[in-house]
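Okay, got some structures for you below.
What follows is a pair of complexes built around chain A, which joins chain B in one and chain C in the other.
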Partner chain A sequence: MSAIIEIRDYTWQYLNTEKPALEAINVDIYEGEFVGIIGPNGAGKTTLALSMDGLIPGQYHGVKQGTVKVMGKEVDDYPRGQLQRQVGVVFSDPEAQFTAMTVEDELVFGLENQGLSITEIHERLEWVTELTALKPLLPKPPYEISGGQKQRVALAAVLAMMPKVMVLDEPTSMLDPISRKRIFEVLGRLKREQHNTVIVIEHSLENLIPLADCMILLSEGKVALQAATREFFQRIAFLLEKGVYPPEAMQFFYHLMQNGWYNGDLPLTLDEAAAKLETILMPHHSTR
Partner chain B sequence: MNAQQPYIRVIHLTYDYPDGTRALTDVNLEIYDDEFIALIGQNGSGKTTLSKCLNGLLKPTLGDVIVDGLNSKTTPIVQMVKRVGYVFQNPDHQLFNSTCWDEIAYGPRNILLPEEEVKERVIEAARVVGLTEDYFDSHPFFLSKGLRQRVAIASILALRPKVIIVDEPTTGQDSRQSFEIMDFLKDLNENHGHTVIIITHDMPIVAHYARRVVVMGLGQVLADGSTVEIFKQIEVLAKTHLEPPQITQLAQRCQHLGFDPSTLTVEQMLEQFQHLSKI
Partner chain C sequence: MNKTMLGYVPKESPIYAVHPFVKLYFLLIVSLFPMFVAAPEWNFLLLVFILALMVISRVDIRIVRIYIPVAISMGSIILISYTILGGRHPEFQVIFNLFGLPIYWERVRDAMVVYFRILPMIATMVFFLSTSRERDIIVAMRTIRLPFVVTYVFAMALRSAGMVLEDFQIVRQAEQARGFDPTGKPLTYKIRKYIMYMIPLFALSLRRSEEFTNALVARGYAFTGEASHVKRADYVLTHYTFKTHDAIFTTLITLAFIALLIARYGLHYFSLDHSWFIQWLHAVLS
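So, the complex of A and B:
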């Protein structure tokens, strides 16, 4: 199987900056994969997202080396606007992508531009408003709704376009914990039901981890670690050193491990952690 | 704590936006000197509206907000912002001057302080937030988000408000930056005499830093109490789209093993583990 996104020896330096934002990047992402990208601010996460959508080098000045291929074709070789139908990006600042006067117009803007029929537009609008629970907000101006609601609208607008690959740059940073869970549930459904390729940049790992097939850690413009999710988090000491703080349950088990009170895999989720704790403290009662 | 007079009293506060949307319904709250409070609740629950009522940016539709004995309805905003400062969620919504110096000096100049005192206050505020002199002439937009947030906080501190409200201090910050900003707010609270109110969705941050938690939902106060007490009330939290930090949830799930359901931090969990496994 060939990768849907294939990045080879890719280096990008913005104009008038002293060092590359991304350097010698090699990443393969396969169709239907759910990939988490993490790393401290300034590590190059957003630059990588923009590169996969062709907004870099298209809309930014700078120097590019190496290749970024989407579906086998170099991003620079796509006619303007073509690539963005295949790869949808949800930006971390939702206001950056709003253009319309009502939420409903915002959601159908891209669809109208694709020249879809009225029926199709209606169907997709219905689907996406149900999925993201936006119905009550449709008549409101996007600038009058709360930060978290804006984030849902931004996500829905991109979802409605049904891109093959979705790149989400901190899609839940302004959301309350349950709304955050809901967004990840939506992303989980996309993965299971539509087999979308989903790439999520996120600081908050609790919701990302159960869904992600693999994880990429960026640090100072380079790929510091990439691996399948479980394997990735076994390198917790390295992650902590790089300023990444895994979920608390995992940190707790890491401390147990350091003290020699536990050895085994670090739990990825709350469920796993609870089961493991039970096994440790009540070895004879546990059924797991 | 109730022996002293509250610094802020919110009495039967109801607030309607001009389009008729009711954002707050009959909110009652007392805030005392030196508290560190987290204001939590789902998106749209009224947290930001309440904050803007506390510093007089918004006037009550019904009820009253009394700050330091002054009623916000009849007190000029200049007097209010000297007492309660509000730092916006997105520093870019607040920063508009072309140098950090002018940005921090804007507030003090606006309340018509003599330039000599303005200077003194800018230097003090910059020192408190750890902004070195090298940055005074920098354009705020070329600084990192973490630094921009500090400039935003400094520009509020320069007004020397007793109470400082910071809306989503850790949004968009990575873990290291989040702890840095929070440690800094803790320092303001413990060593500089400020009452700090944070608005946040980050429950581990609440567990680590806040001593009191006010839970809002649908424009009302659903619960108000110590951090330990609040994180035990799972049903109340769920009503407003919240859940306790993961470590608290783990302790609650493992209560049958002897863990305390009001555990707030990884350290506390470790201590209990040691005790329970008799290591």
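So, the complex of A and C:
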């Protein structure tokens, strides 16, 4: 199976900077995969997201080496505006993404740009508002709704365009835990029902891990680790060393492991950790 | 209640039965009426008519109260500009002297004419802003098939006005948090230190521009190239139908304007010579 996004020896340096934001990146992302990208601030996560959407080099000045191919075609070779109809990006600041005067206008803006008919736009609008529970907000100005609602609008605006690939750059960084959960619920539905290729840059690992098929760790502009999610988090010592703090349940089991009280796989979720703990503490009475 | 650009209007208001184009057309055409009417009483009647429309549209008429100080200040400025600062005109009729300055009848009359022309214009604008949302302007512009870019730039100009104010608040709060607070300081100090706000505001607006361009590109909007030639379906217009009563209103506004022009230039109505208010004022002041 060929990768939907294929990045080879990719280096990008912004103008007037001393070192590349991304260096010698090699990443393959396959159709239908849910990929989590993590890393400390300044690791190059946003630059990678912008590179996959063609906003780099399209909208930014800098020096590029290597290739970034989306659906087998180099991003530079797409006519202006075409790639963005295949790869949708949701940015971290929802306020900065609004281009219209009402939520409804915001949702249909991308669809009008795609040249869809009124009927198609209506159908997509119905679908996306149902998926993201935005129907009551349609007549409101997007800048008058709450932060969580804003980000759902931004997500829905991209979703409505039905891009083959969705890139979400820290979509929940400005949200409270409940709004964060709602965004991930939408992403979960996307994964289960639509089988979209979704790439999420995120610090909230508790929400990301249950959905991610594979994970990429960026550090100082380089791919420090790339693996299937379970395999990725088994390298917890390396992650901690790189400044990534996995969920506390996972760290707890890592402590048990270090003390020689546990030697299995590290649990990825709280439910998994509870089940493992039950097995450890009451091996003969486990309810699971 | 539905939010408008200048307040709130109940959902049951009859104004929602009117197509946005009619509202914009009313604003553009009726605002011109006072330009062709010199007699203040007619302009005053127009003002009353617009206030009545506001009542019918269930606009909270108390909104007008906030414009009273503005109207008084504006009237005073116009009057002072025309009389005290109006210069010396030996050919004009002196009605009295104020600290040695002659106050001419013609200048007082002209000040009244100008003032009563401006009042209904402002009322028309207040009526429009009180009953319309930003989207209505866009719909109205798109109804007459203005190019998408024009309507979009206009919409963003409206939106950016709000954003600049928000950014200004952010900058002001950030600077207050760092100990810079010109509250209570002399005006000259505030003017000198205004640069403290302008530089971060300018930097913020540059960042906003970049983010906004990214958002437009990410939504598949192309300024140039093949993708920019896509035929856009105007989904927003599907919510609005130009009904028979809209056509009747538009025709009435047009006919009223034509009638006004004929009355003014054909029949010489609405001139100062026929104004009973001016004649009364002249009698009082003379």
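Some observations on this one:
Criterion: the second predicted complex is superposed on the first by the 283 of 288 C-alpha atoms of A that agree within 3 Å, B and C clash if a C-alpha of one lies under 4 Å from a C-alpha of the other, contacts with A are read in each partner's own complex, and residues count from 1 in each chain.
By definition in this document, a contact is a pair of C-beta atoms (placed from the backbone, for glycine too) under 8 Å apart; a residue touches a chain by one contact, two chains touch by 3 or more.
Since we're looking at a predicted model, the values are computed, not measured.
When both complexes are overlaid on chain A, chain B and chain C end up clashing with each other.
When the two complexes are overlaid on their common chain A, residue A:173 makes contact with chain B while staying clear of chain C. Once chain A of one complex is fitted onto chain A of the other, the partner contacts of A:26 are absent, as it touches neither chain B nor chain C. Look at A:65: by the touch rule set out above, it reaches neither chain B nor chain C. Look at A:206: by the touch rule set out above, it reaches chain B but stays clear of chain C. Residues 39-42, 92, 146-149, 170, 173-180, 203, 206, 243-245, 247-249, 251-252, 255-256, 259, 261, 270, 273-274, 277-278, 280-282 of chain A are the ones that touch chain B when the two sit in their complex. Residues of chain B that touch chain A in their complex: 41-44, 48, 89, 144-146, 168, 171-177, 201, 203-204, 238, 240-243, 245-247, 249-250, 253-254, 257-258, 266, 269-270, 273, 276-277, 279.
Across the interface of their complex, chain A is touched by residues 3, 133-135, 138, 155-156, 158-159, 162-163, 208, 210-228, 230-236, 238 of chain C.
Those residues of chain A whose C-beta lies close enough to touch chain C in the complex are 50, 53, 55, 58-59, 79-82, 84-85, 88-89, 91, 93, 96-102, 104-105, 108-118, 121-122, 125, 141, 143-144, 157-158, 161.
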